Amino acid sequence: MTFASIAAVTTTLILVAVFLALVLNLDQMAKNIEQDVQISTLIDMTADEDQIVELGEEIEQIDGVAEVQFSSNDNELSKLVESMGDEGQAWSMFEQDNPLNHVYIVEASIPEETEVIADQIEELNNVESVLYGKEVVEQLFQFNNYARAIGLALIIALVFTAIFLISNTIKITIIARSTEIGIQKLVGATNSFIRWPFFVEGALLGILGSLAPVAVILGGYYYIYNNFANVVNFRFVELLPFDPFAWQLSGMVLLIGAVIGVWGSVMSVRKFLKV
Amino acid sequence: MITMENVSKTYSNGVTALNDISVHIDRGEFVYIVGPSGAGKSSFIRLIYREAKPTKGKIIVSDRDLSKLKERHIPYLRRDIGVVFQDFKLLQKLTVYENVAFALEVIETPPRTIKRRVQEVLKLVGLEEKEKMIPSELSGGEQQRVAIARAIVNNPKVVIADEPTGNLDPDTSWEIMKVLEDINSKGTTIIMATHSKHIVNTIKRRVIAIEDGVIVRDQQRGDYGYEI
Amino acid sequence: MITMENVSKTYSNGVTALNDISVHIDRGEFVYIVGPSGAGKSSFIRLIYREAKPTKGKIIVSDRDLSKLKERHIPYLRRDIGVVFQDFKLLQKLTVYENVAFALEVIETPPRTIKRRVQEVLKLVGLEEKEKMIPSELSGGEQQRVAIARAIVNNPKVVIADEPTGNLDPDTSWEIMKVLEDINSKGTTIIMATHSKHIVNTIKRRVIAIEDGVIVRDQQRGDYGYEI
Amino acid sequence: MTFASIAAVTTTLILVAVFLALVLNLDQMAKNIEQDVQISTLIDMTADEDQIVELGEEIEQIDGVAEVQFSSNDNELSKLVESMGDEGQAWSMFEQDNPLNHVYIVEASIPEETEVIADQIEELNNVESVLYGKEVVEQLFQFNNYARAIGLALIIALVFTAIFLISNTIKITIIARSTEIGIQKLVGATNSFIRWPFFVEGALLGILGSLAPVAVILGGYYYIYNNFANVVNFRFVELLPFDPFAWQLSGMVLLIGAVIGVWGSVMSVRKFLKV
């Protein structure tokens, strides 16, 4: 029975750990995306150098602008050629006759303000147009919010699942011992005398039950981090570094295990002390 | 020592086990409770150590008013009373020794004293050789003797025994009775429910006869009183 | 009916409860098993309905050789034997009625017959008014009578009773004895372990005395034989 | 106790359902990606119409080619302009002077054979070069394999978790009843007489325990499908349609619940019938 209890705690906590890792990583990725939202200010082809500098200063003075970076049309073309891979080679013939604008790349300090800032920039002189993937950004924000909400819901559901399973396990253990508890009370044992072994057992159960999950976290995350990073390297898909993330996660799981174990045991004993 | 005033006990299923009982038992008395099966003897006993609460009436046990006794003080009441349960109520996972020692552990007796005292009592009930066995390895009579040992091990003020010889042969029964007489002579109050006409008629003490939840006879140095 | 040849029983903890027992009990006999607490009476009984296996020797019960009995045929052996256990062994979640009916349900008796027969037997042991109660609501003696009712309800060929009157007052004990005598007179074999000198000496039958796992006396119309 | 058991089954099966939904969707998305791998055969600028037709026929005869589609350079340019969004407008000025090649778009019937086919096409006459995102495709295949492996591992782990938790629950229920079972046997009950109530109980427990998960699947997937689809519409990220997927998933969960329930109960009873 004790083995079964620990195994139940273990399986649950492994699930909690996996979800925590997933959700925290997703959340971090979502933050990466947010951080990466940039406004491309296409500068009028007709603007001379002074006007360009002046425009840069004006943009910097807008509230909420975090960074402004100049990128020449040559630079833009080579970025384009690069981003298109093999197919892009065909375009490199236009290097002499660059059809692109010079660009100011602007970053908002609060990503949600991107739209407001873009609108303000558009009003300025010598701005041909402003590009920031309006729809993409909005979609990303929404996706981000969804991901966070779902992630939070999943974590809460899982912690409750864990609490439920553990206290359920302990409760059944105690039901099996309720006769013993009744006899102990009849022989003159106080509630605290009866309670403390269960308290210790709960804590032990929680901690023993979280040892395997901690091992799984450390081993598994180490493996996944090292292998996954090579396979998936899209722009925003980047795992949190093993150190300190895996250690923090392990600490959280140990803590959750111990707290839930003690809590579950105390809750369950209380019911049976009324003999 | 024990006083009941107009005590009634009706169980939740509607059975009235005791009906307006009044009785007083002095310190150091030896009292037999007799009566047919289902008369209310065990119910009477259960009220004394507060396993059950009376539906009506007042109970005072060693200066404690049980109706006013707080939940958390119940253990201390029970430590003053040694009980031999009709169904033994032994802890199935503990050995004979540990079962008896348990009654001393709850009152935080020093380990050395526990060891000496438990062995002394197990010898008294003739189980010194079975101290390492668990209850399911014992015969019915042996289990009953473990229950008796546990009840008397911490020198309680009152010993209540519900049919302590029901599973014992006459020889062993008389030995147990000697033990009870002995601790009674040292001042312990003894209350014993029994069906043994022989014991009651041989060792003459106060007899309280209960029938259908009512005390029908209360007699010093009485006899069993029922025809065989 | 029951034959034991050189039967020994040593429990896994090393205790030898029975030592080289040989005995034959005929169909329709009424046998008392007597002896001090821990002598091996219950062990002797447990071997007959195959709760325990002998360490050595041969046992034949109603033409079945128990050493050759297949695991899956054990239930059918047990249906021929009604057992009153020393610790009652009632199903705690079922009512008195359901506990007794259970022994008929396992042999697939038609429901109508069950109802009639259970009520008949409950009346015999004086529990007709308690049929809706569960065991924990009964007194010790009442539980014992439920166990007796269950043992005899399906008219088994053998009734084995381990201290069937241990928790009963003399009056009720005599009523139970009348029931046992009655079914014995109709041809049922009765084996009864008891500590009651009175019963053994009053209703004179065959007495098998066990001491320390050995049969020390086997006497037709014997008496209890131990000093009070 | 019965309520607690059902609740434990419920929580576990909800997790199984969520994971099944996730994994099956991911797997489908991976398949979508696979299906979409195309080879762009850039045709020599110098090739005349006959030669182009001939090349098309030659490609079609290669083993494992599923489809060959011609796309003119005008068509390619407008696709390019389109795919680049606002920024692409600048390029439309080249419509008169199209620097792009005509293209044959080739699909392999087995996506894994893409590389072999591309190599064969490259050998043909009038082929300037062959483009198929070698690295991207390989990465996608690898990602796909990883996703499947991880998905499979998760599902197996979860089903075992479920089996473990359910049989654990039932086992503990039975431990609590072992005295009763022992008594029943002593009174002459056969094993099957004792077993069948547990059998029924196990099945009921499993089925009752899967009702809530089925409700969660139907309700939750309906909601997510309808909302998520609007938010995330990247190329390959497409959820399986509610009907029939959610119904199939519900059926699977019900079946898993019933089977596990019966199995767990039968397994656990067996141990206690040796009285």
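In this document, chain identifiers A, B, C and D correspond to the written order of the chains, with residue numbering beginning at 1 in each.
What we mean here is this: a contact is a pair of C-beta atoms (placed from the backbone, for glycine too) under 8 Å apart; a residue touches a chain by one contact, two chains touch by 3 or more.
This structure is a prediction, so every number in the text was calculated from the model and none was measured.
With centres defined as mean CA coordinates, chain C is found 70 Å away from chain A.
Taking the mean of the C-alpha atoms as each chain's centre, chain B and chain D sit 70 Å apart.
Separating the CA-averaged centres of chain A and chain B is a span of 65 Å.
With touch defined as above, chain C holds no residue shared between interfaces to two or more other chains.
Touching two or more other chains at once is no residue of chain D.
Taken as a graph of touching chains, this assembly forms a single closed ring in which every chain touches exactly two others. Two chains count as a pair here when they touch; such pairs are A-B, A-D, B-C, C-D. Considering their complex, residues 1, 4, 7-8, 11, 15, 18, 40, 85-87, 90-91, 93-94, 99-101, 129, 131, 133, 139, 142-143, 146, 161, 164-165, 168-169, 171-173, 175-176, 227-228, 231-232 of chain D touch chain A.
Across the interface of their complex, chain C is touched by residues 179-180, 183-191, 193 of chain D. Residue ranges on chain B touching chain A, taken from their complex, read 49, 51, 72, 74-76, 78-79, 83, 85, 89-93, 102-103, 106-107, 150.
Those residues of chain C lying in contact with chain B across their complex are 11, 13, 15, 34-39, 41-42, 86-87, 133, 137-142, 144-145, 162-163, 166-174, 195, 197-198, 202, 224, 226-228.
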